[in-house]
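We just call them A, B, C, D and E in the order they show up, numbering each chain from 1.
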Amino acid sequence: MILAKVIGHVVATQKCQELSGSNLLMVTALGDDLNPLKDRTYVAVDSVGAGINDIVLVEEYLALNKDKYKAMSVVAIVEKVYRDGRE
Amino acid sequence: MILAKVIGHVVATQKCQELSGSNLLMVTALGDDLNPLKDRTYVAVDSVGAGINDIVLVEEYLALNKDKYKAMSVVAIVEKVYRDGRE
Amino acid sequence: MILAKVIGHVVATQKCQELSGSNLLMVTALGDDLNPLKDRTYVAVDSVGAGINDIVLVEEYLALNKDKYKAMSVVAIVEKVYRDGRE
Amino acid sequence: MILAKVIGHVVATQKCQELSGSNLLMVTALGDDLNPLKDRTYVAVDSVGAGINDIVLVEEYLALNKDKYKAMSVVAIVEKVYRDGRE
Amino acid sequence: MILAKVIGHVVATQKCQELSGSNLLMVTALGDDLNPLKDRTYVAVDSVGAGINDIVLVEEYLALNKDKYKAMSVVAIVEKVYRDGRE
């Protein structure tokens, strides 16, 4: 998973069945300084109710379970990041 | 998923069974300014009826469901991109 | 999938069971000018009878179906590439 | 898998069901000199009881088994790295 | 798959069940000149009895079959590389 920031969303009426009803968030991967990286923006399906400017965990690769196909997803909202013992 | 632009298509008569009947679109990943990135062009199976110059969502990684194998696919046509509240 | 050019092959007697009998092609990813990119050469299992210098589609990620494991594969031989309406 | 160093962890109360109860470690990929690489930090589920500053193996891609979905995971704690015969 | 060179191995006592009993090889991806690339070293499970300095094929992405989970693996030992007809 990667740390990312929600920076917007996209509207898409014509989409494949698996995405129907999904909230499509634009998320940008964060670098070591927790600032957005250049040209590293993805579109991910929201599964946790994330909002604009939230720091989230994004499963970068195809998530899959036995029951249904899942596209790249926001899988958690991050409240705190602890690095090397510092907050 | 990534935001990409449909820039063309390829013709391939000799292909594996799973691709038979598929429309093979050339799509180029878009950068933060929504312009195509250099050397980031892929070929994706169309599943939504996308046309040339459409902005689309492409599932970058192998999509898989229980019933059939799916290659990299165009999974949605994007109508609007909202970033930081701006359209 | 990516556009790539067949540039050679490798010989490997000692290989895992899943690759037994496979033709192992060296393929180099192509850039926007359809020229091979530096240090982007992969080895892919041929599934369509591709030959040296053919332009092919390569499934970059693990292909998987319900019946058997498949490694990175050449999945189509490209006859024509149409970009922005031009051939 | 990649060699990585545990550099911290994240706290996330709102997360998808599959991550519930997971310890979410921040891990940074290591370069040839075994020093952390710039902007190559991931968040991985701990499955081996790794702690801060441990050198670990991280499965970079989605791990999947028949029984449950697994996100990017720390799959081993590395005790020694032998390169070219040297320790 | 990628061409890589076995450059060492790692020792890890504490590891997830799926890796138990595995030989964990350090492999470095090779560039167009068949020399190791900078910061492209991975750890892969040996499945073919590869040794130090062997040129091998590594499945870069998660290999999966119906019976068991497999991590990134060395899947073949390369004896000869033929490029553009030359050996």
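Worth a mention:
Here is the rule we go by: a residue touches a chain if its C-beta (ideal position, glycine included) is under 8 Å from a C-beta of that chain, and two chains touch if they have at least 3 such contacts.
Computed from a prediction, not measured in an experiment: that's the story for all the values here.
The minimal number of chain-to-chain contact steps leading from subunit A to subunit D is 1. These two copies of the sequence, subunit B and subunit D, are related by a rotation of 145 degrees on CA atoms, to the nearest 5.
Under half of the residue numbers at the interface between copies subunit C and subunit E are found on both sides, making the touching surfaces mostly different. The distance from the centre of subunit A to the centre of subunit C, each centre being the mean of the chain's C-alpha atoms, comes to 31 Å. Separating the CA-averaged centres of subunit B and subunit C is a span of 19 Å.
Contact with two or more other chains is made by residues 61-62, 64, 66 of subunit D.
If you sketch which chains touch which, the chains form one closed loop in which each chain touches exactly two neighbours.
Traced around the ring of touching chains, beginning at subunit A and stepping first to subunit B, the chains run A, B, C, E, D. Touching subunit D in their complex are the following residues of subunit A: 1-3, 31-32, 37, 47-49, 57, 59-66, 73, 75-85.
Residue ranges on subunit D touching subunit A, taken from their complex, read 7-16, 18-19, 24, 26, 28, 38-39, 41-44, 52, 61-62, 64, 66, 68-69, 71-72.
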